[in-house]
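Right, one structure below, let's go through it.
For reference, chains read A, B, C and D in written order, and residue numbers begin at 1 within each chain.
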Amino acid sequence: MLSNKTEIRVRYADTDKMQFVYNGKYFEYFEVGRSEMMRAHGFPYSQFENKGWQLPVLESYAKYKNYARYDEVLVIHAFVKEMPTLKVKIDYEITEKETGRFIAEGYTLHVFMRGEDKKAIRPPQEFVDALKPFYK
Amino acid sequence: MLSNKTEIRVRYADTDKMQFVYNGKYFEYFEVGRSEMMRAHGFPYSQFENKGWQLPVLESYAKYKNYARYDEVLVIHAFVKEMPTLKVKIDYEITEKETGRFIAEGYTLHVFMRGEDKKAIRPPQEFVDALKPFYK
Amino acid sequence: MLSNKTEIRVRYADTDKMQFVYNGKYFEYFEVGRSEMMRAHGFPYSQFENKGWQLPVLESYAKYKNYARYDEVLVIHAFVKEMPTLKVKIDYEITEKETGRFIAEGYTLHVFMRGEDKKAIRPPQEFVDALKPFYK
Amino acid sequence: MLSNKTEIRVRYADTDKMQFVYNGKYFEYFEVGRSEMMRAHGFPYSQFENKGWQLPVLESYAKYKNYARYDEVLVIHAFVKEMPTLKVKIDYEITEKETGRFIAEGYTLHVFMRGEDKKAIRPPQEFVDALKPFYK
(Lines give C-alpha, C1' and ligand atoms only; values in the text may rest on other atoms or scores of the structure.)
Protein backbone atom coordinates (compact mmCIF):
# COMPACT_ATOMS: atom_id res chain seq x y z
CA MET A 1 0.00 0.00 0.00
CA LEU A 2 0.98 3.65 -0.23
CA SER A 3 2.93 4.43 2.91
CA ASN A 4 5.58 6.97 3.76
CA LYS A 5 7.26 8.53 6.77
CA THR A 6 8.46 12.10 6.87
CA GLU A 7 9.80 14.32 9.63
CA ILE A 8 8.93 17.82 10.72
CA ARG A 9 10.26 19.88 13.59
CA VAL A 10 7.76 21.67 15.86
CA ARG A 11 7.98 25.45 15.44
CA TYR A 12 7.46 27.99 18.20
CA ALA A 13 4.57 29.28 16.08
CA ASP A 14 2.91 25.84 16.36
CA THR A 15 2.65 25.97 20.15
CA ASP A 16 0.04 27.72 22.25
CA LYS A 17 -0.05 29.00 25.82
CA MET A 18 -0.76 25.51 27.13
CA GLN A 19 2.93 24.89 26.14
CA PHE A 20 2.22 22.26 23.48
CA VAL A 21 1.27 22.07 19.83
CA TYR A 22 -2.14 23.63 19.11
CA ASN A 23 -4.78 21.04 18.24
CA GLY A 24 -5.62 22.54 14.85
CA LYS A 25 -1.99 22.50 13.78
CA TYR A 26 -1.98 18.73 13.39
CA PHE A 27 -4.05 19.00 10.24
CA GLU A 28 -1.19 20.95 8.73
CA TYR A 29 1.18 18.17 9.80
CA PHE A 30 -1.18 15.69 8.13
CA GLU A 31 -0.91 17.78 4.97
CA VAL A 32 2.89 17.52 5.06
CA GLY A 33 2.52 13.78 5.59
CA ARG A 34 0.31 13.21 2.57
CA SER A 35 2.28 15.59 0.32
CA GLU A 36 5.48 13.72 1.01
CA MET A 37 3.71 10.38 0.61
CA MET A 38 2.51 11.40 -2.84
CA ARG A 39 5.95 12.73 -3.79
CA ALA A 40 7.61 9.52 -2.58
CA HIS A 41 5.41 7.50 -4.93
CA GLY A 42 6.12 9.60 -7.96
CA PHE A 43 3.13 11.92 -8.23
CA PRO A 44 3.70 15.07 -6.19
CA TYR A 45 0.49 16.94 -5.42
CA SER A 46 1.78 20.02 -7.25
CA GLN A 47 1.96 17.95 -10.48
CA PHE A 48 -1.45 16.54 -9.68
CA GLU A 49 -2.82 20.09 -9.59
CA ASN A 50 -0.94 21.01 -12.75
CA LYS A 51 -2.89 18.30 -14.57
CA GLY A 52 -6.07 20.09 -13.54
CA TRP A 53 -7.07 17.83 -10.65
CA GLN A 54 -7.55 18.68 -6.99
CA LEU A 55 -8.05 16.53 -3.90
CA PRO A 56 -10.07 18.63 -1.47
CA VAL A 57 -10.67 17.35 2.05
CA LEU A 58 -14.18 16.03 2.82
CA GLU A 59 -13.55 15.00 6.41
CA SER A 60 -10.70 15.24 8.85
CA TYR A 61 -10.18 13.66 12.22
CA ALA A 62 -7.45 13.64 14.85
CA LYS A 63 -7.06 11.85 18.16
CA TYR A 64 -4.45 13.34 20.46
CA LYS A 65 -2.54 10.91 22.66
CA ASN A 66 0.42 12.81 24.05
CA TYR A 67 1.59 16.38 23.85
CA ALA A 68 4.16 17.46 21.32
CA ARG A 69 6.58 20.16 22.41
CA TYR A 70 8.51 22.97 20.78
CA ASP A 71 11.60 21.81 18.86
CA GLU A 72 10.72 18.13 19.00
CA VAL A 73 11.07 16.21 15.76
CA LEU A 74 7.88 14.41 14.81
CA VAL A 75 7.67 11.45 12.47
CA ILE A 76 4.52 11.60 10.36
CA HIS A 77 3.48 8.27 8.94
CA ALA A 78 0.89 8.62 6.17
CA PHE A 79 -0.65 5.57 4.55
CA VAL A 80 -3.55 4.55 2.34
CA LYS A 81 -4.90 1.19 3.43
CA GLU A 82 -7.28 0.57 0.57
CA MET A 83 -7.02 1.25 -3.13
CA PRO A 84 -8.95 4.51 -3.61
CA THR A 85 -12.24 4.31 -5.47
CA LEU A 86 -14.35 7.44 -5.58
CA LYS A 87 -12.84 8.70 -2.37
CA VAL A 88 -9.35 8.50 -0.91
CA LYS A 89 -8.90 7.85 2.79
CA ILE A 90 -5.47 8.69 4.15
CA ASP A 91 -4.44 7.61 7.64
CA TYR A 92 -1.80 9.24 9.79
CA GLU A 93 0.22 8.32 12.84
CA ILE A 94 2.53 10.80 14.49
CA THR A 95 5.29 9.81 16.88
CA GLU A 96 8.05 11.80 18.54
CA LYS A 97 11.32 10.76 16.99
CA GLU A 98 13.69 10.60 19.95
CA THR A 99 11.51 8.72 22.42
CA GLY A 100 9.05 7.03 20.05
CA ARG A 101 6.24 8.59 22.11
CA PHE A 102 2.91 8.22 20.32
CA ILE A 103 1.57 11.74 19.70
CA ALA A 104 -1.53 11.54 17.53
CA GLU A 105 -3.37 9.62 14.87
CA GLY A 106 -6.12 10.52 12.48
CA TYR A 107 -7.32 10.52 8.92
CA THR A 108 -8.46 12.71 6.09
CA LEU A 109 -11.01 11.75 3.46
CA HIS A 110 -10.66 13.25 -0.01
CA VAL A 111 -12.58 13.38 -3.26
CA PHE A 112 -11.26 14.00 -6.75
CA MET A 113 -12.22 17.36 -8.20
CA ARG A 114 -11.62 19.13 -11.50
CA GLY A 115 -9.76 22.35 -10.61
CA GLU A 116 -11.33 24.33 -13.42
CA ASP A 117 -14.98 24.10 -12.37
CA LYS A 118 -14.64 22.54 -8.90
CA LYS A 119 -16.77 19.55 -9.94
CA ALA A 120 -16.27 16.14 -8.36
CA ILE A 121 -14.80 13.63 -10.82
CA ARG A 122 -13.89 9.95 -10.92
CA PRO A 123 -10.25 9.15 -10.09
CA PRO A 124 -8.20 9.98 -13.22
CA GLN A 125 -7.17 6.79 -15.04
CA GLU A 126 -3.53 7.86 -15.05
CA PHE A 127 -3.66 8.10 -11.27
CA VAL A 128 -5.43 4.76 -10.87
CA ASP A 129 -2.82 3.07 -13.06
CA ALA A 130 -0.01 4.57 -11.00
CA LEU A 131 -1.59 3.26 -7.80
CA LYS A 132 -2.40 -0.28 -8.94
CA PRO A 133 1.01 -1.82 -8.32
CA PHE A 134 0.71 -0.90 -4.64
CA TYR A 135 -2.56 -2.78 -4.11
CA LYS A 136 -2.06 -6.20 -5.63
CA MET B 1 -28.43 22.70 26.78
CA LEU B 2 -25.40 24.90 26.29
CA SER B 3 -25.73 26.46 22.86
CA ASN B 4 -24.48 29.65 21.30
CA LYS B 5 -23.98 31.26 17.91
CA THR B 6 -21.14 33.57 17.10
CA GLU B 7 -19.90 35.15 13.89
CA ILE B 8 -16.47 35.41 12.36
CA ARG B 9 -15.38 36.86 9.05
CA VAL B 10 -13.06 34.80 6.82
CA ARG B 11 -9.61 36.41 6.59
CA TYR B 12 -7.36 36.36 3.53
CA ALA B 13 -4.89 34.48 5.73
CA ASP B 14 -7.47 31.72 6.20
CA THR B 15 -7.67 30.90 2.50
CA ASP B 16 -5.32 28.77 0.45
CA LYS B 17 -4.52 28.55 -3.25
CA MET B 18 -7.64 26.44 -3.88
CA GLN B 19 -9.45 29.78 -3.23
CA PHE B 20 -11.31 28.67 -0.12
CA VAL B 21 -10.74 28.32 3.61
CA TYR B 22 -7.96 25.83 4.42
CA ASN B 23 -9.28 22.63 6.00
CA GLY B 24 -7.20 22.94 9.18
CA LYS B 25 -8.48 26.45 9.84
CA TYR B 26 -11.91 25.20 10.81
CA PHE B 27 -10.55 23.91 14.09
CA GLU B 28 -9.63 27.48 14.94
CA TYR B 29 -13.18 28.52 14.07
CA PHE B 30 -14.42 25.75 16.37
CA GLU B 31 -12.23 27.25 19.11
CA VAL B 32 -13.89 30.63 18.64
CA GLY B 33 -17.27 28.91 18.77
CA ARG B 34 -16.64 27.15 22.06
CA SER B 35 -14.92 30.17 23.66
CA GLU B 36 -17.91 32.36 22.92
CA MET B 37 -20.30 29.63 24.06
CA MET B 38 -18.51 29.45 27.42
CA ARG B 39 -18.45 33.23 27.73
CA ALA B 40 -22.15 33.47 26.89
CA HIS B 41 -22.94 31.10 29.77
CA GLY B 42 -20.91 33.00 32.34
CA PHE B 43 -17.65 31.05 32.53
CA PRO B 44 -15.18 32.38 29.96
CA TYR B 45 -12.37 29.94 29.26
CA SER B 46 -9.80 32.50 30.43
CA GLN B 47 -11.42 32.46 33.91
CA PHE B 48 -11.56 28.70 33.74
CA GLU B 49 -7.78 28.66 33.23
CA ASN B 50 -7.28 31.23 35.98
CA LYS B 51 -8.87 28.77 38.41
CA GLY B 52 -6.16 26.29 37.46
CA TRP B 53 -8.19 24.12 35.09
CA GLN B 54 -7.64 23.37 31.45
CA LEU B 55 -9.76 21.66 28.81
CA PRO B 56 -7.36 20.13 26.30
CA VAL B 57 -8.71 18.55 23.14
CA LEU B 58 -8.70 14.74 22.96
CA GLU B 59 -10.28 14.37 19.54
CA SER B 60 -11.41 16.67 16.79
CA TYR B 61 -13.42 16.05 13.69
CA ALA B 62 -14.75 18.13 10.82
CA LYS B 63 -16.91 17.32 7.82
CA TYR B 64 -16.75 19.88 5.03
CA LYS B 65 -19.95 20.42 3.06
CA ASN B 66 -19.44 23.59 1.05
CA TYR B 67 -16.55 25.95 0.55
CA ALA B 68 -16.22 29.13 2.56
CA ARG B 69 -14.74 32.12 0.77
CA TYR B 70 -12.69 35.15 1.71
CA ASP B 71 -14.68 37.89 3.43
CA GLU B 72 -17.76 35.78 3.99
CA VAL B 73 -19.31 35.97 7.44
CA LEU B 74 -19.69 32.56 9.02
CA VAL B 75 -22.08 31.71 11.83
CA ILE B 76 -20.55 29.20 14.22
CA HIS B 77 -23.08 27.32 16.25
CA ALA B 78 -21.49 25.51 19.21
CA PHE B 79 -23.57 23.29 21.47
CA VAL B 80 -23.19 20.61 24.13
CA LYS B 81 -25.92 18.02 23.74
CA GLU B 82 -25.28 16.06 26.91
CA MET B 83 -24.35 17.15 30.38
CA PRO B 84 -20.56 16.60 30.55
CA THR B 85 -19.35 13.80 32.80
CA LEU B 86 -15.64 12.94 32.61
CA LYS B 87 -15.40 14.27 29.10
CA VAL B 88 -17.04 17.17 27.31
CA LYS B 89 -18.22 16.76 23.74
CA ILE B 90 -18.86 19.98 21.89
CA ASP B 91 -20.62 19.99 18.53
CA TYR B 92 -20.33 22.65 15.87
CA GLU B 93 -22.28 23.68 12.79
CA ILE B 94 -21.01 26.41 10.54
CA THR B 95 -23.21 28.22 8.02
CA GLU B 96 -22.57 31.17 5.76
CA LYS B 97 -24.55 34.11 7.08
CA GLU B 98 -25.93 35.75 3.96
CA THR B 99 -27.12 32.68 2.08
CA GLY B 100 -27.51 30.21 4.94
CA ARG B 101 -25.26 27.82 2.98
CA PHE B 102 -24.17 24.93 5.16
CA ILE B 103 -20.37 24.99 5.36
CA ALA B 104 -19.17 22.42 7.86
CA GLU B 105 -19.96 20.48 10.98
CA GLY B 106 -17.85 18.67 13.49
CA TYR B 107 -17.02 18.14 17.12
CA THR B 108 -14.25 18.31 19.67
CA LEU B 109 -13.91 16.06 22.68
CA HIS B 110 -12.27 17.45 25.80
CA VAL B 111 -11.09 16.26 29.17
CA PHE B 112 -10.62 18.26 32.36
CA MET B 113 -7.00 18.77 33.36
CA ARG B 114 -5.21 20.49 36.23
CA GLY B 115 -3.03 23.18 34.64
CA GLU B 116 -0.31 22.87 37.27
CA ASP B 117 0.71 19.26 36.66
CA LYS B 118 -1.25 18.47 33.47
CA LYS B 119 -3.13 15.62 35.24
CA ALA B 120 -6.63 14.65 34.17
CA ILE B 121 -9.21 15.53 36.82
CA ARG B 122 -12.92 15.10 37.41
CA PRO B 123 -15.09 18.05 36.32
CA PRO B 124 -14.74 20.76 39.02
CA GLN B 125 -17.86 20.89 41.21
CA GLU B 126 -18.19 24.61 40.65
CA PHE B 127 -18.36 23.97 36.92
CA VAL B 128 -20.83 21.13 37.26
CA ASP B 129 -23.12 23.29 39.41
CA ALA B 130 -23.00 26.07 36.83
CA LEU B 131 -23.99 23.65 34.06
CA LYS B 132 -26.80 21.83 35.87
CA PRO B 133 -29.56 24.35 35.12
CA PHE B 134 -29.03 23.79 31.41
CA TYR B 135 -29.61 20.02 31.54
CA LYS B 136 -32.78 19.52 33.54
CA MET C 1 -7.58 60.66 5.68
CA LEU C 2 -8.65 57.02 5.56
CA SER C 3 -8.80 55.82 9.15
CA ASN C 4 -10.77 53.12 10.90
CA LYS C 5 -10.78 51.20 14.15
CA THR C 6 -11.86 47.60 14.42
CA GLU C 7 -11.75 45.05 17.20
CA ILE C 8 -10.56 41.48 17.33
CA ARG C 9 -10.34 39.06 20.23
CA VAL C 10 -7.11 37.10 20.75
CA ARG C 11 -7.62 33.39 20.07
CA TYR C 12 -5.86 30.56 21.88
CA ALA C 13 -4.44 29.62 18.47
CA ASP C 14 -2.76 33.05 18.30
CA THR C 15 -0.67 32.51 21.41
CA ASP C 16 2.59 30.60 21.75
CA LYS C 17 4.38 28.93 24.64
CA MET C 18 5.76 32.29 25.82
CA GLN C 19 2.08 32.89 26.84
CA PHE C 20 1.47 35.82 24.51
CA VAL C 21 0.48 36.46 20.90
CA TYR C 22 3.05 35.08 18.44
CA ASN C 23 5.00 37.84 16.67
CA GLY C 24 4.00 36.75 13.16
CA LYS C 25 0.31 36.81 14.03
CA TYR C 26 0.23 40.60 14.14
CA PHE C 27 0.45 40.74 10.36
CA GLU C 28 -2.84 38.89 10.25
CA TYR C 29 -4.29 41.44 12.66
CA PHE C 30 -3.00 44.17 10.34
CA GLU C 31 -4.85 42.43 7.50
CA VAL C 32 -8.09 42.59 9.49
CA GLY C 33 -7.40 46.26 10.20
CA ARG C 34 -6.95 47.23 6.55
CA SER C 35 -9.84 45.04 5.33
CA GLU C 36 -12.23 46.73 7.71
CA MET C 37 -10.80 50.17 6.88
CA MET C 38 -11.49 49.56 3.18
CA ARG C 39 -14.98 48.24 3.92
CA ALA C 40 -15.75 51.24 6.16
CA HIS C 41 -14.92 53.58 3.27
CA GLY C 42 -17.10 51.81 0.76
CA PHE C 43 -14.69 49.62 -1.20
CA PRO C 44 -14.29 46.24 0.47
CA TYR C 45 -11.17 44.41 -0.66
CA SER C 46 -13.30 41.52 -1.96
CA GLN C 47 -15.00 43.94 -4.43
CA PHE C 48 -11.59 45.35 -5.25
CA GLU C 49 -10.47 41.86 -6.27
CA ASN C 50 -13.69 41.24 -8.17
CA LYS C 51 -12.80 44.20 -10.38
CA GLY C 52 -9.58 42.42 -11.26
CA TRP C 53 -7.23 44.36 -9.01
CA GLN C 54 -5.03 43.14 -6.19
CA LEU C 55 -3.00 44.92 -3.55
CA PRO C 56 -0.09 42.61 -2.66
CA VAL C 57 2.20 43.52 0.22
CA LEU C 58 5.69 44.82 -0.71
CA GLU C 59 6.94 45.43 2.82
CA SER C 60 5.66 44.84 6.29
CA TYR C 61 6.92 46.01 9.64
CA ALA C 62 5.85 45.66 13.26
CA LYS C 63 7.20 47.06 16.51
CA TYR C 64 6.03 45.22 19.61
CA LYS C 65 5.52 47.34 22.73
CA ASN C 66 3.58 45.20 25.18
CA TYR C 67 2.37 41.64 25.18
CA ALA C 68 -1.15 40.78 24.15
CA ARG C 69 -2.80 37.89 26.00
CA TYR C 70 -5.36 35.23 25.20
CA ASP C 71 -8.95 36.50 25.20
CA GLU C 72 -8.01 40.19 25.32
CA VAL C 73 -9.86 42.44 22.91
CA LEU C 74 -7.51 44.44 20.72
CA VAL C 75 -8.40 47.64 18.92
CA ILE C 76 -6.70 47.83 15.55
CA HIS C 77 -6.41 51.33 14.18
CA ALA C 78 -5.55 51.36 10.48
CA PHE C 79 -4.92 54.63 8.67
CA VAL C 80 -3.45 55.97 5.43
CA LYS C 81 -1.65 59.24 6.10
CA GLU C 82 -0.96 60.24 2.54
CA MET C 83 -3.04 59.98 -0.62
CA PRO C 84 -1.72 56.84 -2.36
CA THR C 85 0.24 57.37 -5.56
CA LEU C 86 1.93 54.32 -7.05
CA LYS C 87 2.15 52.66 -3.69
CA VAL C 88 -0.15 52.60 -0.68
CA LYS C 89 1.31 52.82 2.80
CA ILE C 90 -1.01 51.73 5.58
CA ASP C 91 -0.15 52.37 9.22
CA TYR C 92 -1.44 50.42 12.19
CA GLU C 93 -1.65 50.96 15.93
CA ILE C 94 -2.91 48.23 18.19
CA THR C 95 -4.09 48.84 21.74
CA GLU C 96 -5.71 46.60 24.31
CA LYS C 97 -9.32 47.70 24.71
CA GLU C 98 -9.91 47.47 28.45
CA THR C 99 -6.73 49.12 29.72
CA GLY C 100 -5.73 51.15 26.66
CA ARG C 101 -2.30 49.44 26.86
CA PHE C 102 -0.29 50.09 23.72
CA ILE C 103 0.47 46.72 22.12
CA ALA C 104 2.12 47.26 18.75
CA GLU C 105 2.46 49.52 15.76
CA GLY C 106 3.62 48.98 12.23
CA TYR C 107 2.89 49.43 8.56
CA THR C 108 2.42 47.59 5.32
CA LEU C 109 3.37 48.92 1.90
CA HIS C 110 1.31 47.81 -1.09
CA VAL C 111 1.36 48.13 -4.84
CA PHE C 112 -1.54 47.85 -7.30
CA MET C 113 -1.50 44.72 -9.41
CA ARG C 114 -3.70 43.29 -12.14
CA GLY C 115 -4.98 39.95 -10.83
CA GLU C 116 -5.06 38.35 -14.26
CA ASP C 117 -1.38 38.57 -15.13
CA LYS C 118 0.09 39.72 -11.77
CA LYS C 119 1.51 42.90 -13.41
CA ALA C 120 1.96 46.08 -11.40
CA ILE C 121 -0.46 48.79 -12.51
CA ARG C 122 -1.20 52.43 -11.71
CA PRO C 123 -3.92 53.01 -9.11
CA PRO C 124 -7.27 52.48 -10.89
CA GLN C 125 -8.98 55.83 -11.60
CA GLU C 126 -12.18 54.64 -9.93
CA PHE C 127 -10.21 53.99 -6.75
CA VAL C 128 -8.39 57.33 -6.92
CA ASP C 129 -11.68 59.17 -7.32
CA ALA C 130 -13.15 57.37 -4.34
CA LEU C 131 -10.16 58.36 -2.19
CA LYS C 132 -9.90 62.02 -3.19
CA PRO C 133 -12.54 63.38 -0.79
CA PHE C 134 -10.48 62.08 2.15
CA TYR C 135 -7.29 63.96 1.20
CA LYS C 136 -8.36 67.51 0.48
CA MET D 1 29.71 35.96 12.14
CA LEU D 2 26.77 33.70 12.97
CA SER D 3 25.32 32.56 9.68
CA ASN D 4 23.36 29.53 8.60
CA LYS D 5 21.22 28.32 5.75
CA THR D 6 18.27 26.02 6.18
CA GLU D 7 15.57 24.77 3.86
CA ILE D 8 11.82 24.59 4.20
CA ARG D 9 9.18 23.48 1.72
CA VAL D 10 6.12 25.68 1.18
CA ARG D 11 2.96 24.03 2.51
CA TYR D 12 -0.50 24.35 1.01
CA ALA D 13 -1.51 25.90 4.32
CA ASP D 14 1.05 28.67 3.76
CA THR D 15 -0.56 29.91 0.56
CA ASP D 16 -3.56 32.20 0.17
CA LYS D 17 -6.08 32.77 -2.59
CA MET D 18 -3.62 35.04 -4.44
CA GLN D 19 -1.83 31.69 -5.13
CA PHE D 20 1.37 32.52 -3.26
CA VAL D 21 2.72 32.43 0.30
CA TYR D 22 0.77 34.73 2.65
CA ASN D 23 2.78 37.77 3.72
CA GLY D 24 2.55 37.06 7.45
CA LYS D 25 3.87 33.52 6.98
CA TYR D 26 7.37 34.75 6.27
CA PHE D 27 7.84 35.63 9.92
CA GLU D 28 7.37 31.96 10.71
CA TYR D 29 9.99 31.11 8.08
CA PHE D 30 12.29 33.66 9.77
CA GLU D 31 11.70 31.80 13.05
CA VAL D 32 12.81 28.54 11.43
CA GLY D 33 15.87 30.34 10.06
CA ARG D 34 16.99 31.69 13.41
CA SER D 35 16.19 28.48 15.31
CA GLU D 36 18.37 26.46 12.94
CA MET D 37 21.09 29.12 13.05
CA MET D 38 21.21 28.88 16.85
CA ARG D 39 21.20 25.08 16.72
CA ALA D 40 24.00 25.05 14.13
CA HIS D 41 26.17 27.10 16.49
CA GLY D 42 25.64 24.88 19.49
CA PHE D 43 22.94 26.65 21.49
CA PRO D 44 19.49 25.58 20.34
CA TYR D 45 16.78 27.99 21.42
CA SER D 46 15.05 25.25 23.39
CA GLN D 47 18.18 24.93 25.59
CA PHE D 48 18.32 28.69 25.80
CA GLU D 49 14.79 28.67 27.25
CA ASN D 50 15.64 25.79 29.58
CA LYS D 51 18.29 28.01 31.17
CA GLY D 52 15.54 30.50 31.97
CA TRP D 53 16.19 32.98 29.17
CA GLN D 54 13.95 34.13 26.38
CA LEU D 55 14.55 36.19 23.25
CA PRO D 56 11.25 37.92 22.44
CA VAL D 57 10.90 39.89 19.23
CA LEU D 58 10.92 43.69 19.51
CA GLU D 59 10.63 44.49 15.84
CA SER D 60 10.16 42.54 12.66
CA TYR D 61 10.40 43.56 9.04
CA ALA D 62 10.06 41.86 5.69
CA LYS D 63 10.49 43.06 2.10
CA TYR D 64 8.88 40.82 -0.51
CA LYS D 65 10.69 40.60 -3.84
CA ASN D 66 9.15 37.65 -5.67
CA TYR D 67 6.32 35.29 -4.96
CA ALA D 68 6.93 31.91 -3.41
CA ARG D 69 4.68 29.08 -4.58
CA TYR D 70 3.26 25.90 -3.08
CA ASP D 71 5.76 23.05 -2.88
CA GLU D 72 8.79 25.17 -3.70
CA VAL D 73 11.82 24.66 -1.50
CA LEU D 74 13.04 27.89 0.06
CA VAL D 75 16.52 28.48 1.39
CA ILE D 76 16.45 30.66 4.48
CA HIS D 77 19.72 32.37 5.20
CA ALA D 78 19.85 33.79 8.74
CA PHE D 79 22.84 35.82 9.91
CA VAL D 80 23.89 38.16 12.69
CA LYS D 81 26.18 40.86 11.30
CA GLU D 82 27.23 42.43 14.57
CA MET D 83 28.11 40.93 17.91
CA PRO D 84 24.92 41.34 19.98
CA THR D 85 25.05 43.86 22.83
CA LEU D 86 21.78 44.59 24.61
CA LYS D 87 19.79 43.67 21.55
CA VAL D 88 20.25 41.04 18.87
CA LYS D 89 19.52 41.90 15.25
CA ILE D 90 19.06 38.91 12.98
CA ASP D 91 18.94 39.34 9.20
CA TYR D 92 17.28 36.98 6.75
CA GLU D 93 17.42 36.36 3.03
CA ILE D 94 15.11 33.86 1.40
CA THR D 95 15.72 32.41 -2.05
CA GLU D 96 13.98 29.70 -4.01
CA LYS D 97 16.27 26.70 -4.20
CA GLU D 98 15.86 25.46 -7.75
CA THR D 99 16.06 28.75 -9.61
CA GLY D 100 17.89 30.90 -7.05
CA ARG D 101 15.04 33.43 -7.38
CA PHE D 102 15.27 36.03 -4.61
CA ILE D 103 12.05 35.81 -2.58
CA ALA D 104 12.31 38.07 0.46
CA GLU D 105 14.62 39.66 2.96
CA GLY D 106 14.07 41.13 6.38
CA TYR D 107 15.16 41.22 9.98
CA THR D 108 14.00 40.67 13.52
CA LEU D 109 15.26 42.57 16.56
CA HIS D 110 15.35 40.78 19.90
CA VAL D 111 16.04 41.55 23.53
CA PHE D 112 17.13 39.18 26.29
CA MET D 113 14.48 38.45 28.86
CA ARG D 114 14.29 36.37 32.03
CA GLY D 115 11.53 33.81 31.43
CA GLU D 116 10.48 33.73 35.07
CA ASP D 117 9.41 37.35 35.47
CA LYS D 118 9.55 38.57 31.84
CA LYS D 119 12.11 41.25 32.77
CA ALA D 120 14.67 42.45 30.21
CA ILE D 121 18.19 41.36 31.12
CA ARG D 122 21.74 41.83 29.83
CA PRO D 123 22.98 39.07 27.50
CA PRO D 124 23.92 36.09 29.71
CA GLN D 125 27.73 35.80 30.04
CA GLU D 126 27.63 32.17 28.95
CA PHE D 127 25.93 33.24 25.72
CA VAL D 128 28.36 36.12 25.13
CA ASP D 129 31.32 33.79 25.61
CA ALA D 130 29.87 31.33 23.14
CA LEU D 131 29.43 34.07 20.53
CA LYS D 132 32.82 35.76 20.89
CA PRO D 133 34.78 33.42 18.61
CA PHE D 134 32.49 34.37 15.73
CA TYR D 135 33.17 38.11 15.99
CA LYS D 136 36.93 38.47 16.23
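The rule we apply is simple: a residue touches a chain if its C-beta (ideal position, glycine included) is under 8 Å from a C-beta of that chain, and two chains touch if they have at least 3 such contacts.
Keep in mind that this is a model prediction, so the values were computed, not measured.
Annotation: A-B is the more contact-rich of the chain pairs A-B and B-C, by number of C-beta pairs in contact. Of all chains, the one whose CA centroid is most distant from that of subunit C is A.
Per-chain Cα centroids separate subunit B from subunit D by 34 Å. Rounded to a whole number, the gap between the C-alpha centres of subunit A and subunit B is 24 angstrom. Centre-to-centre separation of subunit B and subunit C, using mean CA positions: 28 Å. Residue positions 12-13, 18, 24, 28, 31, 70 of subunit D are each in touch with at least two other chains. Residues 11-13, 28, 31-32, 35, 44-46, 70-71 of subunit C touch subunit B in their complex.
Interface residues of subunit B facing subunit A in the complex, by the touch rule stated above, are 18, 23-28, 30-31, 54, 56-64, 67, 108, 118.
Subunit A meets subunit C in the complex at residues 12-13, 15-20, 22, 24, 70.
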